[in-house]
Amino acid sequence: VSGSEFTLDFDRPARIGFAEAVYAAGKTPQQLAAILDAAAERGGGLLVTRLDEDKFLLLPERLRVRIDYDAASRTAFSGEPQPITGEASAAVLTAGTSDLPVAREVVRTLRYHGQASALMADIGVAGLWRLMRRLDEIRRHAVIIIAAGMDAALPSVVAGLIAAPVIAVPTSVGYGVAAGGRAALDALLASCAPGITVVNIDNGYGAACAALRLLRMLNADPSRHSPG
Amino acid sequence: VSGSEFTLDFDRPARIGFAEAVYAAGKTPQQLAAILDAAAERGGGLLVTRLDEDKFLLLPERLRVRIDYDAASRTAFSGEPQPITGEASAAVLTAGTSDLPVAREVVRTLRYHGQASALMADIGVAGLWRLMRRLDEIRRHAVIIIAAGMDAALPSVVAGLIAAPVIAVPTSVGYGVAAGGRAALDALLASCAPGITVVNIDNGYGAACAALRLLRMLNADPSRHSPG
Amino acid sequence: VSGSEFTLDFDRPARIGFAEAVYAAGKTPQQLAAILDAAAERGGGLLVTRLDEDKFLLLPERLRVRIDYDAASRTAFSGEPQPITGEASAAVLTAGTSDLPVAREVVRTLRYHGQASALMADIGVAGLWRLMRRLDEIRRHAVIIIAAGMDAALPSVVAGLIAAPVIAVPTSVGYGVAAGGRAALDALLASCAPGITVVNIDNGYGAACAALRLLRMLNADPSRHSPG
Amino acid sequence: VSGSEFTLDFDRPARIGFAEAVYAAGKTPQQLAAILDAAAERGGGLLVTRLDEDKFLLLPERLRVRIDYDAASRTAFSGEPQPITGEASAAVLTAGTSDLPVAREVVRTLRYHGQASALMADIGVAGLWRLMRRLDEIRRHAVIIIAAGMDAALPSVVAGLIAAPVIAVPTSVGYGVAAGGRAALDALLASCAPGITVVNIDNGYGAACAALRLLRMLNADPSRHSPG
Amino acid sequence: VSGSEFTLDFDRPARIGFAEAVYAAGKTPQQLAAILDAAAERGGGLLVTRLDEDKFLLLPERLRVRIDYDAASRTAFSGEPQPITGEASAAVLTAGTSDLPVAREVVRTLRYHGQASALMADIGVAGLWRLMRRLDEIRRHAVIIIAAGMDAALPSVVAGLIAAPVIAVPTSVGYGVAAGGRAALDALLASCAPGITVVNIDNGYGAACAALRLLRMLNADPSRHSPG
Amino acid sequence: VSGSEFTLDFDRPARIGFAEAVYAAGKTPQQLAAILDAAAERGGGLLVTRLDEDKFLLLPERLRVRIDYDAASRTAFSGEPQPITGEASAAVLTAGTSDLPVAREVVRTLRYHGQASALMADIGVAGLWRLMRRLDEIRRHAVIIIAAGMDAALPSVVAGLIAAPVIAVPTSVGYGVAAGGRAALDALLASCAPGITVVNIDNGYGAACAALRLLRMLNADPSRHSPG
Amino acid sequence: VSGSEFTLDFDRPARIGFAEAVYAAGKTPQQLAAILDAAAERGGGLLVTRLDEDKFLLLPERLRVRIDYDAASRTAFSGEPQPITGEASAAVLTAGTSDLPVAREVVRTLRYHGQASALMADIGVAGLWRLMRRLDEIRRHAVIIIAAGMDAALPSVVAGLIAAPVIAVPTSVGYGVAAGGRAALDALLASCAPGITVVNIDNGYGAACAALRLLRMLNADPSRHSPG
Amino acid sequence: VSGSEFTLDFDRPARIGFAEAVYAAGKTPQQLAAILDAAAERGGGLLVTRLDEDKFLLLPERLRVRIDYDAASRTAFSGEPQPITGEASAAVLTAGTSDLPVAREVVRTLRYHGQASALMADIGVAGLWRLMRRLDEIRRHAVIIIAAGMDAALPSVVAGLIAAPVIAVPTSVGYGVAAGGRAALDALLASCAPGITVVNIDNGYGAACAALRLLRMLNADPSRHSPG
């Protein structure tokens, strides 16, 4: 693998505050190894997403031993994650158990960038009491991220009850019209509850980045954002 | 208009218990007038659906004066509706005010077939208390019909709280991904709440017919349905 | 697997009369085992759907020996199914042999909830006599559930001949425009026969639940449903 | 309008036996007039399709008086249609009254090319007896053309009962998932009855041309088609 | 496998002239074996389509040895095919080599029903001379069947040059927008050449059946088809 | 219009901080007038969206004179907007001039809720310098909202250059594949820039609400959001 | 209209050689007038596309008299077009007469930029001789632009016969599956002829710009393009 | 494999200047071997595309040893590629590393036809500086080919900065709405930058052929292309 196959965005952390991240799905183990080596040489860290366990196991052992891999979320940390900072934090909800891999990608991406979060799984609206009994707990967080597939009704109910920003991640969980996640995505975009925002299907990484943009605002010196 | 342009299904009431019905959308005023005359000659009634006010006003006056037309639901009764019978009845819910025309088509179709119903409008889940305070009232009915557009989350919540049959009608209310009703339809089909059934977008007539099939079972002599 | 990965809806049977059910498709064998154990501890039963034989075989033996697994319908009963009750019952029809797995999911779900049914396979309208000779048999049931793929024309013909509620399940059987079941779904939603209701593609479980909502009404004390 | 805006296919009748035809929908009245004049100069006839009444009325009077215009089918004959010939002929069926404009385009196109046909309207399968009582009449024709919208179930039933070629025309009649005719088209393509062929939505002209290809084979000297 | 899993249409050959046919794709080897046995007991033949080689090899040896299996077309003949009859015959064209499996399903289905055909492969319009040099050969046949994927331009050109009936089979050959065959299907339906008819994507069996309906008309006593 | 046609969510401001809002597109002028009267009686304000000028002019004069209507954004304020508060504020960008109506709906919704914003129009990436020269100005805001149709490339470039939260609104501007806004929506969801969130096509109201959720966090006492 | 509603890309001609162009479809007459005035003040020209005659007539007279408007192509020239230069030139073909408005947008855009072209209309492949007799004429041009709707088969045949660059513009001409132009677009993208490139549906302006990029290369000093 | 399964287009190089090419995806190893042998017999070369390594390894060794196979681009050269000629040349850009296989198909196809190119990988607009620092290098080429998936924003920015022809290849890289490449394709077709042309998703071969049509014009004697 020659270096000309990738162009790392070394400038990204300084520019917009995100660690360099690598989407592993379309890359060969050889390309991944070369990218991990290049990042290590430079002395920087790297967040790898969509890294299937099979592909992880094809990486050279010298790389495998020094990265923190999590099979459930298919993420890997190369280099130390940032230390946990900030007072404001995120709640990560799932409508069903099957939405957990996406929710875990959210949690891991937040963690790599130094952000704590609380995961509450399987509280979809078909059994409304499961959500209701946890409302106070949810309300204590500065941003709510919700992974939901099928009809994705949970964010509509949550956003009608809670004032914080709500970022919804449609998941590809389901079959028939739900397969692939388009039904969930469209239901979320069409939601009657005001102010839900949405990211791509199964895009836990993107939802976490959106939350990070927001949490950094909250944790930063507020004078920075005043116009004029 | 020659008689060969339509073939009335005179046998339908005896066969499956529905009045002959005419879908006005694809027909000329001339064709509708000929059909109404043919039905009158035979001495039977007719339910007309999707009859826009403009088209209604193009019918000959002799027909206009003797049919019961309702512009909001775009339905017309030719001949007397059946008298109200039966103990079991239907609740007709809407998620928003914009779903009312479809809900009214449900109410009018039920009424033409002798069935009472209760209409509860604009109780979508973005303001959950609007539904919650009416749950007991909804529970008193034998079948629940719900018209909902956009993300159509209301039926999922209702079907998780109430044991009766739930028939959902997606509506074409909305814009962007919601336009045309496909997002609402898919969300309903993908619902996590067990046992919701669905009809075509904006098909208030079909939802009412499905409810009628069921209400007649309930109101009939139960011995009729025992196998063997 | 920590308990926080799922939130069983223990209240569901009391609330809407359905056993807790688990959709196995998006879950790992470890998650399924944890859920089965949790349900057993609580002393309650569980209906598992979409459980492929491969995944079933990965469950711990202690679980495999005490659940009733059916590979053709991919369903498992954990705990005793309810005893058969009620006079009214269901006919389950298929248009072709390839629709059988879906029809069997219907039959098994009904059975777990104590409801008998009669299965009639491969009677699609391309050979109309196959349906016609069984019409009287079909008419003896209180609700008709039909699994049909490809052009899904069978429910239209049945609903034109029989007065009982008709619940149609489009199946993903077929190729070309039929692949995935969207053509069947849309044909069913667009059916000219009045009062057909539809569930998601291949959703035998949902069709059975819709039938259960209805059969319980029929089998229950009718005074419960009278308004006012 | 300069002559360079169109290139009439004068050679078409000799080559494949169809009159030159003009699709009026995308053309201005000026362009249509120029085309009709050019055809008249040459001494040949012309079949115009998709000619809305509004556009017809914008043609110069000298043209309007000498063409045979039919508003219901939106077709116009310029020049004499061919005399009726041949023994074999076509049956043209519609599932509903709303499918009539398409069926009439079939009848008019056949007539312009010298072919008789019999039109049977509104015999869809939701009232099966309407079809059954006309089966013998249908069987007397060499080719069956069926215009059907919504779920388009009629051709499946007909093709299962009759041995002749069946050409189906999906129509754009309907609303919700049926709007535009894609559901009807897909149902027809997915039909379980063997040997149905399909043309574009609302394409009565194309269905008639397909029938003409076939009827000319039947009416021609059979020795022409033997291989070798 | 109990006999109730299938309902053979024994009456089909007498009714519409086609042998009973079985679509193997959605069936288990056990179901196929039971169907083949049932047909054999009755003394009749059976055409099997979409029978992958893997599934064929899972049939019991006693069945494998007495059926004529062709892997390229995935078809099997159980029982003797009908003897070749009739003067009129079919030309089967493909646009590319990759369309051959579909074209072979056409050829085999025709053969099973006693109909000869001539296969001409890989003559798509990107190299127009490949078609032009075979036009006379094509013209000698009574019906033209064309399998074409991607942009499916071949049938448009052929139907503009040849007067015989043209039946087009879109194939799922291709990638990107061509994947699955929808682009080819839509191009065929939208063709400017008059009178092309279309069947489902990859439906070689259906195209052959459509040709058989037509060829039987041509080969039969013509007096049969005269109306009145 | 009876009061039962709508159910105002009076509790919404207290619950989640948004004024009651009414989507005018699916409502009759009579329904709108009744809603405006009901809100006025209660003494509260109301934000009306999607109110076409034609429909506005059909409202009774007594209502027209006391609401603040803006035709370009199709919004109306009933009652006084909230006073401008807070230090953090929003930048509202458009890729083209045609995206302005959506951007204005954003600006007006923010204003009604007491939030200032700066509008920068027509700075799409096809002329990159138009964006570059305004980067510093954009950076001074706490949240960036971008309305963009067609290929919607602007948010990808902005989110790669600026650390603040970016909320993208796809617009229905364009023709061909861009018509309706699905291409813009999908491009935004698929964006390579990390952390863009998206709302429904043309949903300026929703984007503003999402920004409000966030701005209120920033302007509020930060101790509120720290987890227990 | 304030100047902040648009940001003219004055730098564009110098940067990439195209005149500033304005897409009129999404703009009000007021916005267009302001843009035309701003361009005139600056002393530069402007190409307006998608300017319907109705909207043109709503412009102030002082603007109408000094712009060169062409209703058929819906284009307007503000300021003098560039003088015709260069030896290489373009052939603009249409498959049918209905494709002419798109082809004229190509011709006008080329002309405004100083490029001659030859228009050849209505030479689609259903009558192949119409194309064949003009092949030599077509071959004399350096680039071929083809506007084609429906099945869009013409570019496949042309690109198989001619070596020059072929730019295809799918048009929205047609009905049923052809409506909107997606079938034509997909057929062009899937074409078997090597090296066809495609622009958006009805995008005559874009096709002309693509041709201009190429023609300028040909007309320029060739040494400019040699690497290194 | 009989010779009748393929019809090589031997005339193609002379006619339009492209080597005969074979699309391997839909062909068996046996068919490929027969085609390679037939080409070798004739003494000509052959470019094979979409040849997966698994299928390559199933070719007979005598063929494997004499063809130049490249696994990354899935291309094979049979026979010598043409010698590098011409002054003008191509730049091949990719937005991400995952787009490399498509870009390599471009490079290999150009090379087989005697055309040099420069590959610049992973310079998408989310990190704009990666593109900006290479602009001068890109400008030195006569044609720019860009492979980009997901939101495919890179070509819009490049075409706004560079005057040369830009050919964009959408890739199927991505997940959710990006899966399959339709979002990238539609974004490219909808691009606001004037004069981008597009080929099918992942069609590196086609993009190279389009570039070759253009480069040959540039490298040829210019007098050839002057009209008249």
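For the reader, a short list of remarks on this structure follows.
Per-chain residue numbering starts at 1, and chain names A, B, C, D, E, F, G and H are given in the order in which the chains are listed.
One rule holds in what follows: a residue touches a chain if its C-beta (ideal position, glycine included) is under 8 Å from a C-beta of that chain, and two chains touch if they have at least 3 such contacts.
Predicted model, so just to flag it, every value in this text is computed and none were measured.
Of the pairs listed in D-G, A-B or G-H, the one whose interface repeats that of A-C, with over half of its contact pairs matching by residue number, is D-G. Chain centres here are Cα averages; for subunit A and subunit G they lie 44 Å apart. Computed from the mean C-alpha positions, the centre of subunit A lies at a distance of 35 Å from the centre of subunit H. Chain geometry summary: the mean Cα position of subunit A and that of subunit D are 56 Å apart.
Inter-chain spacing, taken between the CA centroids of subunit A and subunit F, is 26 Å. In subunit E, the residues that reach two or more other chains under the touch definition are 96, 126-127, 159-161, 176-178, 182, 185, 189-190, 194, 200-201, 203.
In this structure, the chains touch in the following pairs: A-B, A-C, A-F, A-H, B-C, B-D, B-F, C-D, C-E, D-E, D-G, E-G, E-H, F-G, F-H, G-H. Against subunit A, in their complex, subunit H makes its touches with residues 96-100, 119-123, 126-127, 129-130, 173, 175-179. Listing the residues of subunit D that touch subunit E in their complex gives 15-18, 21, 87-89, 116, 118, 140-143, 159-167, 185, 189-190, 194-201, 203, 205-206, 209-214, 216-218, 222-223, 225-228. Contact residues on subunit E toward subunit G in their complex (touch as defined above): 95-96, 124-128, 150-153, 156-157, 159-161, 174, 176-178, 182-194. Across the complex, subunit G is touched by residues 4-7, 9, 11-12, 23, 25-27, 31, 35, 50, 170, 172, 180-182, 185, 200-203 of subunit D.
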